[in-house]
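Here the chain labels run A, B and C in written order, and each chain numbers its own residues starting at 1.
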Amino acid sequence: MPYQTTLSIAAPRRGTYNITDKVSHAVTASGVQTGVAHIFVQHTSCSLTITENADPDVRRDLETVLSRVAPDGDPAYRHDTEGPDDMAAHARTMLTDVALTVPVGNGRLLLGTWQGIYLFEHRTSPQQRRIVVTVLGA
Amino acid sequence: MPYQTTLSIAAPRRGTYNITDKVSHAVTASGVQTGVAHIFVQHTSCSLTITENADPDVRRDLETVLSRVAPDGDPAYRHDTEGPDDMAAHARTMLTDVALTVPVGNGRLLLGTWQGIYLFEHRTSPQQRRIVVTVLGA
Amino acid sequence: MPYQTTLSIAAPRRGTYNITDKVSHAVTASGVQTGVAHIFVQHTSCSLTITENADPDVRRDLETVLSRVAPDGDPAYRHDTEGPDDMAAHARTMLTDVALTVPVGNGRLLLGTWQGIYLFEHRTSPQQRRIVVTVLGA
């Protein structure tokens, strides 16, 4: 039977939140030695990304790139029910990842040295986010 | 043995087509209680996205964002064999998802309340699209 | 037990490298008849994409689109430790895919006729890239 658990992550503001350790703990709890860990956000205005875990400027610059492609309060948006960051958040979610899958080997996540797994919160107001982690393998 | 089936979806024009129910049926047919459902388009000019299922303006605005990043008939494109929407469609596919994986728990898709699974057709002419659904778990 | 192997791919310069055959060989070696093949780059400045395998202009045009969204040496970037292509590479990675999953049926990758799997190198200098392939199923 695959192992499955739900994480609840506080995202007090727009930005990135490192969840690598929490996903690692799920892999350990699963007992899976070889397989994959699947991570899924149950929301449409935040997402996931794997990026450099050393220099925080990288994540700031990712935000800069996204803010150009999908700016807050763009007059072209028709959907703005929850404020100027609402539609921008949906677009940023589309351009990044709602779901990620990471290989598991020797009972641990097979990430590269510089890879971290991040929740990418795209709303500017505080949110509580649910992330389902499923570990498959043997 | 994993469960696998192929969906054939008519996409009469560019835009989004909700396939959540069809993927849900595949999960039910699989008998899998805990695991993941994998969804894959066998094409390079349409894609998949999970986004808000309530206000159709959200999907229209996603289209607006993509049309700026990858406009039809851009003079910089070298590939235009099938018309002005051809290369734009490949680029939009790259920026969204060819494959999506959704967790399965208690025998059903573990989607958030506002999440729908959409085929995102990027060609302007009518297409018939093949989507392979594979359900893994137990 | 899932099958897992690591590919080492030379990427002498920025651009796309077709790895479809190497992933196919892993599927054959796995013996899996029905399931999925998961492909994962252990880096933060290269990525994966599935796109058209016929006209090389398609991949050149994808590069054109990415170079507009995440140009080299953008003065807005704060992170530039490894040169003007450093942060651009991280952003291009975010907008494409670090991980891809492809269905397996009848013991082979269920790709569409025009789909190829590409390593997308975003650094301009020569790199050696590690890609973990995991095949799940039965």
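A few notes on this one:
Going forward, a contact is a pair of C-beta atoms (placed from the backbone, for glycine too) under 8 Å apart; a residue touches a chain by one contact, two chains touch by 3 or more.
Computed from a predicted structure; not experimentally measured.
Matching CA atoms, the turn from chain A to chain C amounts to 120°, rounded to the nearest 5. Different-residue interface: chain B and chain C share under half of the residue numbers found at their contact. Distance between chain B and chain C, defined via averaged C-alpha coordinates, is recorded as 20 Å.
Residue numbers of chain B whose C-beta contacts span two or more other chains: 69, 95, 97, 101, 136. Across the interface of their complex, chain B is touched by residues 34-36, 49-52, 55, 57-58, 60-62, 64-65, 68-69, 95-97, 100-105, 110-112, 114-115, 136-138 of chain C.
For chain A in complex with chain B, the residues that touch the partner chain are 1-2, 4, 38, 40-44, 69-70, 76-79, 81, 87, 90-91, 93-95, 97-99, 101, 130, 132, 134, 136.
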